[in-house]
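In the two complexes below, chain A is the common chain; its partner is chain B in one and chain C in the other.
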Partner chain A sequence: MTRPVIISHEMDATWRYASGVAMERFANNLLERRIEAMQCGECKRRYLPPRPFCGNCRVPLTDWAPVASEGVLEAWTVVYLPIVDNRTGITRDGPYAMGLIRLDGADTTLNHYVAETDPACLKVGQRVKAVWREELRGAIDDILHFEVLE
Partner chain B sequence: MTSASTPVAIAGWGQTGPLAEDLRSIPEMVLDAVQATLRNAAMGYEDIDAVVTASVDVFDGMTASNIAVTEVVGAVMKPETRIAADGLCAAIHAACQIRAGAYDTVLVVAHAKPSMSDFYELTKWALDPIFLQSLGIDFLTFAGLQAAAMAAEDKDAVERWAGLAACRLADASGDGKSPGSTEILQSALVTTPLREKMCAPLADGACACVLRRGDDSSPGRKEIRLSGLGHDLAANFIGDRELTESAGLERAAARAYADAGIKQPEDEIDVAEPSVAFAHEEELFVQSAGISDNTIISPHGGLFAGNVPIVAGLSRLTAAAEYLRRNNDLRAVAHGSWGPAGQGQAMVVLENAIP
Partner chain C sequence: MRRAAIIGTGQTHHASKRDDVSQPELVREASARALLDAGIDAAAINAVVISSMELFEGRALPELWLGEAAYAAGKPCMKVATGGTSGTSACIAGYHQVASGMFDLVLVVGYEKHSEGNTQAGMAIVDPYWDRAVASGALGNFALSISQYMADTGVTEEQAARVAVKARRNAARNPYAHLQMADITVEKVLESRMLAHPIHMLDMCPQSDGACAIVIAAEKTANKFCDRPAWIEGAATRHQQPYIGDIERRLTTMETLRSAAKEVYAKAGISDPRRDLDVAEIYEPVTYAELAWYEALGFCGQGDAGRLIEEGVTEMDGELPVNPSGGVLSSNPVGASGVIRVAEAASQVLGRAGEHQVDGATTALATGYGVYAWADALVLRAMS
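Let's turn to the complex of A and B:
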């Protein structure tokens, strides 16, 4: 079979997502280096990132609860493939570490980068702390990454 | 809740691939699979009442991805439904249409061509746009996080997964030249603790089957029926879930088993065809679906012969049907999975039946 004509196709579009009330407050809190979760009035689970509805109890969430910017590393992986940062278009080369972090006061875990990339230095249960960007802009990458405390 | 009052049989099936890169267009691939299916079922397009397709727009680089295959699946001037999830979910929806009495014969088709782009890069767009997309996380990283969570308290886990991958790769190749555990443990790290050869290789392909009412079968002629259907969707944020188990699969399996009247899955299932894209997922499947050593798992290597996203679960259904057609075993299960760290789960029970 001869090699067929391959047609390259590139999509370029911009979307403007409404943050919603929960993410708006979350983003505004980030501007003050503060993190809040939303708590379900039925099961009392504290959700982070905040969202408007408890999927388990099927009730709207209206209560806010403060959480710390420190917590526990519940899972981690060191990724060896490059990824493109969707916001900047800049490629982040591997290795980089991604974690699931349970901030003190939250019941769910938060995805974020972990500064340490040596697998031998990472373990579940480690205490980690948010490292904030100097110039805040009200987005999740106001937290640059989490650093290991111990 | 489904009703088992109208039995559903699988009349025929076919596929093209898996191939690392299929140089044909998507409609050409799908046409190949559909024609093979109709031949296998001894049917023509005129025998099909309705069509259910499975495809994902972002993977195909177009919306809506089913329009590329409208003609070749025979959907012009017919009722068509498109499922943006695994093909096994499309089969479940087709079976529900038959059970509901809406149609007698439904063609189910799934396709994907990950060689067209960077598949895992595309999976980022299936995540929360405000919080997760800006981090650049993708389904591959989620698989690594899940495997890491499972391995955290289990020091032998990674070696076991290498053994499972070696076994499935050997079953898939059939030539005895596949890598052993040692080579797998020395393959490149992708996302710790997963190494390259613990990940089922991505591939292009299409798969199809015809489902039909099973209560108008020829008496005494063996047929394969879909006797149990179950699917489930867990929370999208993986931080909401316990990653070391698959509660979604437990629920999907429980629904399928109840539907099929299975009370002890550890004793009642002869063969299982799980969708295992990463070696650790086989342990999640066995644990969550209640499968025991009495069950043969992935006799031809499952997705380690080529992992075609979206097609995977439907190809597991046709592999299970093929096994039952060639053997006298009574019962098989097919499993499908989609979304970040297996957010969506589907299970179908198949049985050899003599009307």
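Let's turn to the complex of A and C:
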């Protein structure tokens, strides 16, 4: 077989997105360490991420409902495989823990990081609490991670 | 609506790296084999449907670059993309084109060349306001749902490992499979590296290069070219809400798959799937998913999947063999994986599955699974 010819290209790409009305209010709330969900007038389900329509009832939403920064750990894992951080493109080493958290007042669960990385200390049904960053920027990663409550 | 059948299938040898061919050459390999298997000329094909996850290869407009390789030049050609379900959705789209009366012969081809792109980068370009900051890719998302499924059903790591053993042993009899491990054991699975609790390396599907194609024909054409066509008795596809947190206990509930299965079972007159199906090719990217799908598909009661795998019901010599090909756990070129499920189910019904043929298989189920909750289901049957 002939020797392979390798031609390399590198590319930097940048995107810019409109948040939409629901995420705009959500982002501004985060700057004040406040979380709000949007609630369906028909099925009463409270949605995080907030969106101005209910997919199940197929109706527009206008109501906002307060949500606590504490809740229940509904699912968890500890990841050991290094994985690309979607925000930076930089590989993140394990172990790190992830959870699905149902914040008090919300019906959907929020996927986020969990501080505890010992599988023996993590259980479905545990209470957890948000730990906020010092410097807020109006994004969901203004919550650094969740910590397990005693 | 007209009757339609699969009259030929073709796939490539799947591997971690197919440097010997370009993407179009890979697609041609599978397409040519499908035409050969069906016994038809490329000129007879009326339309082509392509399936892939284009961001994985970093090559935009794959239907443009690959259409001619799939014999689509001068013909209707489109791409179908629904995440992991892409392949089964493309097959269903092709079925709709034939059943509607629009076309007599449709070629469906799915492919993926993971080795050429950056799968993690493809997965990273998700919802910018939410998932980019807090999503953990297919692996982490599965692991999260598995923790709930284990809490709900009491399924164990050993039971999941048995799925890995079954898949890779079956794959050892499939010349096209990527991971062929005749000597795999439950112990080896449990000793393999922990990727994300509780998923071990051998619980997870590989990333493969590969392609797969099928030929779908309308009734008259099918009977002309094939003495035992695999008739499509039912085909259903289901979408769901966009975020992982929208779906309540998704592995345990898997409403989309339950709903799609219910529809195709009704159309095909299947009241007891374990009794009425001869074989199933289901889309299981991780061992625990196969167990959850047993329940969603009605192969056993809720919470009984661990026992079903232990009793050997879904082994090659069991009452209902599941994934004789080795499944997604053994070969996973994502855009092709759904087409492979349908092609393998069809091959079983056509009696052309070779070393992994289930004797006398007449009725087969194929399913697809995509991001969080998308699901497809098809029932294929030979007329006796």
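The rule is simple: the second predicted complex is superposed on the first by the 138 of 150 C-alpha atoms of A that agree within 3 Å, B and C clash if a C-alpha of one lies under 4 Å from a C-alpha of the other, contacts with A are read in each partner's own complex, and residues count from 1 in each chain.
Here is the rule we go by: contacts are C-beta pairs under 8 Å (C-beta built on N, C-alpha and C of every residue); 3 or more make two chains touch, one makes a residue touch a chain.
Because the structure is a prediction, the values reported are computed rather than measured.
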item: Joint occupancy of chain A by chain B and chain C, clash or fit; value: clash
item: Which of chain B and chain C A:Leu31 touches, first, second, both or neither; value: neither
item: Contacts of A:Ser19 with chain B and chain C, given as first, second, both or neither; value: both
item: Touched partner set for A:Cys43, first chain B, second chain C, both or neither; value: neither
item: First (chain B), second (chain C), both or neither touched by A:Gly89; value: second
item: First (chain B), second (chain C), both or neither touched by A:Leu81; value: both
item: Which superposed partner A:Arg3 touches (first chain B, second chain C, both, neither); value: first
item: First, second, both or neither for A:Ala68, with chain B first and chain C second; value: neither
item: Partner chain(s) touched by A:Ala139 [first = chain B, second = chain C, both, neither]; value: both
item: Touched partner set for A:Met98, first chain B, second chain C, both or neither; value: both
item: Residues on chain A lying within both footprints (that of chain B and that of chain C); value: 4, 15, 17, 19, 23, 47-49, 55, 74-81, 83-84, 86-87, 98-100, 108-113, 119, 124, 139-141
item: Complex contact set, residues of chain A against chain B; value: 1, 3-4, 9, 11, 15, 17, 19, 23, 47-49, 55, 74-81, 83-87, 92, 98-100, 108-113, 119, 123-124, 139-141
item: Residue ranges of chain B touching chain A (in the complex, touch as defined); value: 23-25, 61, 120-121, 124, 128-138, 140-141, 144-149, 152-153, 188-194, 235, 237-240, 243
item: Residues on chain A engaged by chain C in the complex (per definition of touch); value: 4, 15, 17, 19, 23, 27, 47-49, 55-56, 74-81, 83-84, 86-87, 89, 98-100, 108-113, 119, 124-125, 139-141
item: Chain C residues touching chain A - in the complex, by the definition given at the top; value: 19, 120-121, 123-137, 139-141, 143-148, 151, 193-197, 241-246, 249
